[in-house]
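Letters A, B, C, D and E mark the chains as written, and numbering starts fresh at 1 in each.
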Amino acid sequence: MTLLSIENLSKSFGGLMAVNEVSFNVEAGSIVGLIGPNGAGKTTVFNLITGNYQPNTGTVLFDGQSLVGLPTHTIVERGIARTFQTIRLFQNMSVLENVLAGGHCRMRSGSLAAMFRTPTQRREEHESMRQAMAELEFVGLAHEWQNKAKNLSYGNQRLLEIARALATKPKLIVLDEPAGGMNDQETHDLIRLIRSIQDRGITVLLIEHDMGLVMRVCSSLVVLEHGAKIAAGTPAEIQANPRVIEAYLGVDSDE
Amino acid sequence: MLLKIENLRVNYGNVEALHGVNLEVNEGEIVTILGANGAGKSTTLNAISGLVNITGGSIFFRDTALHKLPAHEIVKHKITQSPEGRRVFTTLTVQENLILGAFTSTNTERIQKSLKWIYELFPRLQERRKQMAGTLSGGEQQMLAIGRALMANPKILLLDEPSLGLAPILVKSIFATVKEINKSGVTVILVEQNAKAALKLAHRGYVMEVGNIVLADSAANLLINEQVQQAYLGGGH
Amino acid sequence: MKSSNILYLAFALLMASCPMFLNAYWTDVFNNVGLYTILALSLNVILGHAGLFHMGHAAFYAIGAYTTAILNTTFGIPVLWIMPLAGIMAGFFAMIVARPIIHLRGDYLLIVTIGIVEIVRIALINNVFDITGGANGIFGISRPSVFGYKISKPDQFFYLIWGFAAVTIFLLLRLEHSRFGRALMYIKEDEVAAGGSGINVSHHKLVAFIIGAVWAGMCGTIYASKMTIIAPESFSFAESVVLFTIVILGGAGSIPGVILGAFLLVGLPEVFRGLAEYRMLVFGAAMVLMMIFRNQGLLPPGPKNYDVASLLPAGGRK
Amino acid sequence: ETIRIGLMCPLTGSWASEGQDMKQIVELLAAETNKAGGINGNQVEIVVEDDGGDPRQAALAATRLTTKEISAVIGTYGSSVTEASQNIYAESGILQVATGSTAIRLSEKGLPLFFRTCPRDDEQGMVAAKTLGDLGFAKIAILHDNTSYAKGLADEAKSLLEAQGKTIAFYDALTPGERDYNAILTKLKSAAPDVIFFTGYYPEAGMLLRQKMEMGWNVPMLGGDATNNPDLVKIAGNQASEGYMFLSPPVPADLDTPEAKAFIDAYKAAYGNAPGSVWAVLAGDAYRVIAEAIAQTKDTSSEKLAAYMQKEMKDFSGLTGKISFNEKGDRVGDLYRVYKVDAAGAFVLQP
Amino acid sequence: MEEFFQQLTNGLAVGGIYALIALGYTMVYGVLKLINFAHGDLFTIGAYLGLTLLVSMGLFDKIGPLPAVILLAVMVMILVAIIGAILERVAYRPLRQSPRLSAVVSALGASIFFQNAIMAIYSPKFLVYPHDILPKAAVNILGLDIPIMRIIMFSTSLVLMAALYFFIQKTKIGTAIRAAAIDQGAAKLMGINVDRVIMLVFCIGPALGGAAGLMVGLYYGQINFSMGWIFGLKAFTAAILGGIGNIPGAMVGGLLLGVIEALGAAYISIAWKDAIAFCVLILILIVRPTGLLGERVAEKV
């Protein structure tokens, strides 16, 4: 079943076509990688999916419904969560509070319920707390729950972003360079984490320049260059694609 | 000896991040600093650049006590940095960013020459020279940050994770460039997550753990060091 | 009982005993402090929690006060009955004016809110709809009465005002520690990240505005019935600036901070009365100094407590 | 035993200049009383409180004064400011003599302890309408500044003039505190009035006169009593202010009474110049009225003083003419005079 | 129609002054993101210092009006620049790393302090510049009488704006100023002395405010201690209208605000003129959320 379907998506900034007639599908339950040279338009595609930018033309269908024109928070409610290329945590708030932010859209009680602390409201608060701690446990940050986000190491901040995204109970999670700034050991742990996200039935779409990671976790890859799709296929196919090698991978000189 | 750091201590608020770091760099070397997240690598570079206040120890550049100088004076000794998180001037154009890299220089001819060189190094930047830096893609910003640090024709170049966010093909070319400029006489201190590549490039390396230097050796030795292999070279699998 | 609750209780007891050893003047100073505490707390929802640069809070306060004055003087409705209505009117007004401007950033929002308070003041002065009494304002507003007991002396007002303040503090504390309160903090910290985490940013901002306005409007009722006369100049931009200062100086987003801020900002000029024409000079310098020495505000909000002990995994602590 | 008299005035805020003058005059007069042996042998002490020209602060200042065992209070300037304090004094049973609060309603509330030494807006409105009529103007522009006082006067004059069958060619308000009134003058000019009646305060009047001259438009202008301040001429310049007329209670310099003369001399000796604002002088009159009442009744209770002032004080010789009060506490008698500015910038009392 | 053009020139004259004050405002804002509420009071200080110097030195009699005005302007600008620099050092620098609104409160405190200090030093009375020291002549342009002084003031604003724009956009120091505005740490890494740059900005901004104060004193004659509040607020409005931090924007915003006020007064109502101006401002911001010339930088995530 196709979960996310992107068709003829285009976005320009001034005269620059950042994304040019891109189409691809993401099957439910798969892990798909979006790769390409710097400035190819990968992050822009993510921003178009999550409603941070509006496309000039083209459609984004999620679960059969169009996402174009919807505000970001509605898209999150529909079931797409994301992480950011440059980390965007609530830096001065605690790790737990960061994850609670993700749970927000799955809660209902409003300001009046809060003031009068109705039983439903209390139950809901407790439940979201429990879920947040469970997500922290999942990414391995439970012991840091009181710490301020900005005091976490870079790698842990990336994990916290993932926990926050998971707390929105997504069907699809989009990760923008999750391994950026991680060393080999940490990247290795991340691969395991991404696989267990998949095991929870969540579909993953990710951007990554670390080929080791991409080749190991992705079931299929989409390659962009200059805003346009130049290739798609399994990791093995892509790795052997001369065009991709020329534009993106480069020839291995010494390995 | 070009740069000599002795017993360097740095505090963030009440927390000590560096507990007495000793580090030496000889002229013409590429020295790499390895270490896990939060080990204090960036803090060490920032201490050299004068961006963080140091609470103890000394940093000497030849005979100049850098630890007594404010950041903007240190740059005048031709020590530049491509910082973590890129920190490009988001609402200035690409070209303005680059020109600022040569702020301390008054020789316009020289500046133009450097500019040309950077544009040859990163043709993408030339294409985008009038675009605001903040709207560049992540990798493009990284190129800009490196280019900006090179604009001043540094004697010592501090690179904090230069390959972060760059496409594999560019990572290769960046490392090639570093090698090249090092050959032209620039001393380089390189902080990298990609430890293998860094050690292949460097002459010597240091390994940091929670604010201390725990290992110092030639790069070749470090590459085969068991401990380093375990922790940083993905030797576990 | 949590230690913060003990602190609030001690504060409440101390306050309740105040009129016994204060003379009429100081009691009245405390009344003003109380009014400003409530107003500043209502502004704190918008400015302190949601982080919206709002410097026109007096506009909402004015709507409440004028609603009270008009309904009381023309129809003779007892003022305390009007109080909820005054709040609703102010909240309604806030909803109308805030909706189109809620997406403005920082300083642009600041000037627009200044604009709103000025437009309201000018409208009041020009006797809009012929009901505001123009520059003269409205006089002859009756005093409140509680169960047939008329409130007119400073020490009687003291209990009315501080009673309302206590209710306000109680409710706003709960609000702060809820899904809604957290949403505002996320928005303040990073709007893009908040949106990306599924929080409806503009909706929450708008609701923050409305809640703040409702409270300010109810406060307007108390003010109108305490002064018995209201005039446009009491709701000027300068008044908004005082409220703004209380929140920031006290510690944006911190309820105890805002209370302390109100005591200082309203109390200090009274303490400095002996300095006659130099008192505002000293006051200005004091503001700068306090800000320099406590640049996060006097009592900035601390980390919140969450009861997660029971949720921690058994061997979770590494 | 000392007699304590309160003075509530704006020492800070935008009317600080009036308030500081009030304080100077009242303290000067009290010092003279004390030098002459006090009232019935008792020394006088003036307790000053700053009301900042703001109703809320005034309410506090008033509450504070009520705790200071004062026999009576003088003040203050500005009707809405006074109004915020009225109830407080009334509830504490303290005699209040207002000085620069001309709104009609202040004395219509039936407060037995409230008096004022200044005339009311309706009286000035009447005089204004009459003066404008006497001078033969038919097409009149009225400009106020949207303060409670100026608006009140403008409204009053407008309805009286309309009743007289005059044309009101223009009626609007400027924003006080600005510097450039050319836009307003341009608009006024296109209405082509015979005269401008400006009911606001002297700084704006001065600017209007000056900019009117610079525009080369010489329509006559008449002002209300809030323009009676020598600074008007300083602001406008002699040339622009020549011929400007305004209504005002007489200033001491224009009165022949020994009290007025003595006051002028004492003031000059103490502060080096003639007193500026007539409103501050009216505060001096308030002090003198209270002192007289205490001296005559040999009592300091507010009820006794009020009863005396209302019933027995007749044509008491004040610094601004004879003073008596009616049952509402308003000053009686036609107080208003017309002044005209001469070529040298002096205010000349018109016959 | 003639009245319309007359009102237009009235508006431009007032707008020119708003623009001049707004230039200093926007300049300081651009670098520190600080809404400097004390800016209006620096303007007032300029007016008072101008008067003191004028009276005490008797310049106009000694060297004639034009050189006297220029000399006076230079002296006032230097003095106000010094006060501005001290203000920065004392009230703003300690707050550079704290939340933005803390500095705003410090600025409000400084404003109250200045206002009351002026009152204490110079008395609360209105002070008046000597009359007739400047030419009162008017020139006739297209049937409108326009006082020469207005033309001088207007062109001074224009020239200063152009100079400032050139300085900020085209010079090396200007670029350094803009860089320091974005990221002070990164600016240091370029070798920029951030403290000096900010100090410089805090000399230029207040100097412009001081010059505006002197002009208002010379032209309108009457000054008082609280006049900076209204002018400061208008200048802030103007700066926002044009897009805060943007120098031509301050100019455009100032002139536009002046014209809106004049036309609003002329054709709608004088009493409502400020409300009209604010309504127009709000409408413009609803359509263009970053002001007329402010750049709409979509935040890249």
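The definition used in the following text is that a contact is a pair of C-beta atoms (placed from the backbone, for glycine too) under 8 Å apart; a residue touches a chain by one contact, two chains touch by 3 or more.
Only a predicted model underlies this, so the values are computations on that prediction, with no experimental measurement involved.
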Other chains in touch with both chain A and chain E: B, C
Starting at chain A, fewest touch steps before arriving at chain C: 1
Of B-E and C-E, pair with higher C-beta contact tally: C-E
Distance between chain centroids, defined by C-alpha means - chain A, chain B (Å): 30
Separation of mean Cα positions, chain E and chain D [Å, integer]: 36
Whole-Å gap separating chain A and chain D, where each centre is the average of the chain's CA atoms: 73
Chain centre separation in whole Å, for chain D relative to chain B (CA means): 75
Junction residues of chain A, two or more chains touched: 43, 52, 84-86, 88
Contacts with two or more other chains, residues of chain B listed in rising order: 135
For chain D, residues that touch 2 or more chains besides their own: 12, 16, 20, 146, 173
Touching pairs among all chains present in the structure: A-B, A-C, A-E, B-E, C-D, C-E, D-E
Footprint of chain E on chain C - complex, ascending: 47, 53, 100-101, 103-108, 110-112, 114-116, 118-119, 122-123, 125-126, 192, 196, 237, 241, 244-245, 248-249, 252, 277-278, 280-281, 283-288, 291-292, 295-297
Footprint of chain B on chain A - complex, ascending: 13, 36-43, 85-86, 153-156, 177, 180-188, 209, 211, 247-250, 253-254
Chain B residues touching chain A - in the complex, by the definition given at the top: 36-38, 85, 124, 135-140, 142-143, 161, 164-173, 193-196, 200, 231-234, 236-237
Interface residues, chain B side, partner chain E - complex: 49-51, 70-73, 75-76, 80-81, 83, 87-92, 96, 99-101, 103-104, 132, 134-135, 148, 152
In the complex with chain D, residue positions of chain E that touch it: 3, 6-7, 10-11, 13-14, 17, 116, 119, 123-126, 128, 131-132, 136, 145, 147, 216, 220-222, 224, 226-227, 230, 261-262, 265-266, 269-271, 273-274
